[in-house]
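What follows is a group of structures, each given as structure tokens.
The same chain A turns up in both complexes below, where it pairs with chain B and then with chain C.
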Partner chain A sequence: MTKTLLKAAAFLAILGGLLALPRFMDSPYALHMMILLFLSVSQGESWNILGGYAGQHSVGHAAYFGVGAYTTMMLMQAKGIAPWIGVWAGVAAVIVVALVIGSICFRLRGPYFVLASIAVAEIMRLSAINLTGLTNGAEGILVTELPAFRIGGRVITDFMTKVPFYYLGLGLALLTLAVTWGVERSKLGYYFQAIREDQDAAHSLGIHISLYKNIGLVISAVLTALAGAFYGVYVGFVDPPTVLGLDLSVQIMLIAIIGGMGTLYGPVLGSLVLVPLSEALRSNMITDLLVKSGLVSADSKVGLFLKENLAHAHVLLYGILVVLVILFMPEGIMGFVKKLASRRRKEAV
Partner chain B sequence: MAVFLQSLISGILIGGVYALIGIGLTLIFGVMRVINFAHGDILMVGMYLTYILFTFAGIDPFVSVLISFPLMFIFGGFLQKVFINRVLNAVAQNQILLTIGLGLIMSNTVMLIFTSDYKIITTSYSSSTFQLGGGVSVSWPLLISFLITSAITAVLYWFLLKTDTGQAIRATAQDREAAQLMGINVKRMSIIAFGLGSALAGTAGALISPTYYIFPQVGSTFTLKAFVITVLGGMGSVVGATLGGVLIGITESMSAAYISSGWKDVVVFSLFLLVLLLKPSGLMGKSRT
Partner chain C sequence: MAMLEISHVSKFFGGLAANSDVSFSVEAGSIMGLIGPNGAGKTTLFNCITGYYPPSRGEVVFDGRRMNGLQPDRVCKLGMVRTWQKVRPLAKLSVVDNVMVGALARTSSLRKAREMAMEQLKVVRMEHRAAFPAGGLPIGERKKLEVARALATGPKLLLLDEVMGGLNPAESEEIIQLILDIKARGLTQMVIEHDMKAIMRISDRIVVLTSGEKLTEGTPQEVVNNQDVIDAYLGESHA
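Here is the complex of A and B:
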């Protein structure tokens, strides 16, 4: 009992801190980092519902992210529809897409499901490149001017700073966490886990396999589409490789896998590791540190090489992390920590 | 008619290279039940190897196959021994993720060394063709690479069917445990199979390098194509992969000619989904259990 209370208190304290944070921190860069973190948490949690709990390892989640982002951006650019209205069209579109994909892919198992999910996402990406009339093709869609958000004629925000995006991102991350929490504790969550552990046994116990797989997919896809729409509006630009590419699908999956699949806080942990690391590489922070510490001189060949290239190599880090995680902690950081904790407990006894 | 013949011939020629890629993937899958998501990246490494040999040593891309084949074999064997071997009994998703990770490491390391600029290998024959009559022309580099792939495929069939090691590989693919009980060193067979698969992918990379752009991210396209080819032919079937490669080559060049080159990959992937749904065991595969 006290443990639950402690957990709730810790959660509320963190939440309160996060809510108050923009009041004390006005650096746009720091806010940007937090927004990226929230986005990553939402992506990871969304994937986790289908991939972690129901055990359907989709490597095509970029499809849902892209549909959410593109629908919202297309409506905004072509029809001038505000994103908070357009996003619901995106959600409707993604439900249709998810059900079509589900009806194709869920007939397949294991590696065949993975391959089919990649193929579907690739078809979507290629379509976005080729349907130039609708999506502006490879050039992508650029919308930088957002209409002010009003309630009853009063302007709530005009999106001129990063603060409204911060709260939107926080809300999104909390929503995905809340949905995951709800799924984990409901009958739905038990069905998912039964399907993950042994599909045939679950089937013989009377669980409607394809129905629950599709429910998991739709929940996961809708949340991913919301994250996509948020990304599109925040960055102001979408194009096929960034919101529909295979790299994105892999990145989304990694968040959950590195943190720990099928756990509530796994994707949060994964984001806390991945976002700062890749941002440090991307912004040349590591090179700057090496230069400042005197290990590498800025004008030397090595220094120039690092400065030039390290920024593009954050994906290399993803690769190394995946290999290390799979070989040495296949249950992710969460599983690794749990194992350590239980070992210590045993030793204590 | 000329358009039809032209696309049929180019399709078959490029299909030969696709077959090589597919056979490599299917060998690896057959022996280890591991789907190698780094297959296209291994091919990319083969392309850069050819590029290095051509630019710095002046070795012709087609001749360089003699060097890149053994080098890529060793590279593949190393990958198997150090990484893949540890996840042979792990769940499928961990195997997939490991190979995805290895692929990311390969493509990004190459990007660090060579930047993401497009490289080309310009040989005297890169764009030369000869007329076949009736308005149909054949590209020399494609024809040469097709002849080389045919030769390699023939040798490979002989190796798998007639030699002791080849038969041991096929036995391992058929039933790993039974093969082990018969005294076959399945661990060694796995290393050989992965080495061979990598060597074939690397060779395919060498063969297409005179006609393709070389860049670090080129692999993912080929990984996907390799899956389509092997699933089409039936996972684990070498004959199926050969047929699947040619079939995909023809499908691609036909849809490029009659629909548009932008949509050709969409056609290929849709075909892939159809095969997965209607005949998941593939054209030549046995039912999966």
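Here is the complex of A and C:
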């Protein structure tokens, strides 16, 4: 009892801190990092519902992210529909897409399901490139100005700073956490995990396998689409490789794998590792550090090589990270922490 | 009244007849034993009855309802549930969570499901194991967990596929008592078993399968004295 109280108190304290943060921190770069973190948490939690709890390892979640992002952006650009209305069209579209994908891919199990999920996402990406009339093809869609958000004629925000995006992102991350929390504490969560652990046994215990897999997929896809719409509106630009690429699908999956699949806070931990890591690589922070520390001179061959190539090395480093996690922490960071805790408890006894 | 009626059930895999023209019925409240040498088609018959395979021919009628073509989850909801010869614990879930998954077939409330699950764990004497991860149980307790989980779905007919396989005599005895307790509660059971002593003790009637066909059917006494059964088990030269 005291443990749950402690947990609740810790959660509220962190939440309070996050709500107050923009008042003390006005650096746009810091806010941008926080927004990327929230986005990553949302993506990871969404994937985790289907991949972590129900054990259906989709490597095609970019499809849902892209449909959410594209629908919202297309409606905004072509028809001038505000994103907070357009996003619901995105949600409707993604439900249709998810059910079509589910009815095809859930006929397959294990690695065959993984391959099918990749194939379907690639079909979506190629469609976005080739249906130029609808999606503007490879050029992508650019929307530079957002309408002001009003309630009853009063302007709530005009989206001129990063602060409204910060709160939107925070809200989205909290929504995905809340949904996961609810799933974990319901029949759905039990049925998802039963399917993950042993599909045939689950079937014999009265679980309608394809129904529950599709429920898991729809929940996961809708949340991912919301994240996609948020990304589109925040960045102001979507094109096929960034919102529908295989890279993105893998990245979404890694958040949960590294943090700990099938756990509530796993994707949060995964994001806390991956977001700073990819930012450090992208911005050449590591090269700068090496130069500053005097280990490498900026004009030397090594220095130039690193500056040139390290930024593109994040995929390689992700790969190495996955290998390390699978070797040493197969249950992710969350599983590793739990194991340490139980070992300490045993030693105390 | 017959709880389960199997009439002329055949199952073909390509040219191989795993079951051919098997017919018998199981009376409500009784225990039907199903025996036969390895490869006789016992588990295939279970699969046909519980919806894992559609029978190629014939009909399965449970509680007055034709079951052909129903999926395993429907079969379970209608009151027929099986256990697995090779046990299938939901390894990462705790013992009580495993049983709760069964109980959730009857309720959507986790609180109620937990109560039902604890009740069934008491029946198999495993309350003290409730919080233990199911993947870490020894084989004897895994078998009992299978039974508790199946019972939690609230079945009228329980199909047990070799629940005593791989157990030591003391553990087998415990399972025998458990099966008799379940019978005393009014449930109908069908039991596949290799341990002849055990099957003789618990069964009201026994069906013998060989090479997919029904060899004979009768009370344990009738079956054990049947010349065909002796031939099938010990070889004709022995007779």
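We take it that the second predicted complex is superposed on the first by the 349 of 349 C-alpha atoms of A that agree within 3 Å, B and C clash if a C-alpha of one lies under 4 Å from a C-alpha of the other, contacts with A are read in each partner's own complex, and residues count from 1 in each chain.
Operating definition for what follows: contacts are C-beta pairs under 8 Å (C-beta built on N, C-alpha and C of every residue); 3 or more make two chains touch, one makes a residue touch a chain.
Nothing here was measured: the structure is a model prediction, and the numbers come from that model.
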Which superposed partner A:Gly319 touches (first chain B, second chain C, both, neither): first
Which of chain B and chain C A:Gly206 touches, first, second, both or neither: second
Chain B versus chain C as contact partner of A:Asp198, first or second or both or neither: second
Chain B versus chain C as contact partner of A:Asp158, first or second or both or neither: neither
Contacts of A:Asp26 with chain B and chain C, given as first, second, both or neither: neither
Comparison of chain B and chain C by chain A residues contacted: B
Contact residues of chain A, present in both the chain B and the chain C interface: none
In the complex, chain C residues that touch chain A: 50, 52, 71-73, 76-77, 81-82, 84, 88-93, 97, 100-102, 104-105, 108, 110, 113, 149-150, 153
Of all residues in chain A, those that touch chain B in their complex: 57, 59, 104, 107-108, 110-112, 114-116, 118-120, 122-123, 126-127, 129-130, 246, 250, 253, 257, 309-310, 312-313, 315-316, 318-323, 326-327, 330
Residues of chain B defined as touching chain A within the complex: 35, 83, 86-87, 90, 92-94, 96-98, 100-105, 107-109, 111-112, 115-116, 220, 224, 227-228, 231, 260, 262-263, 265-266, 269-270, 272-273, 276-277, 280
Chain C contact footprint on chain A (complex, rising order): 185-187, 190-191, 193-194, 197-198, 200-209, 262
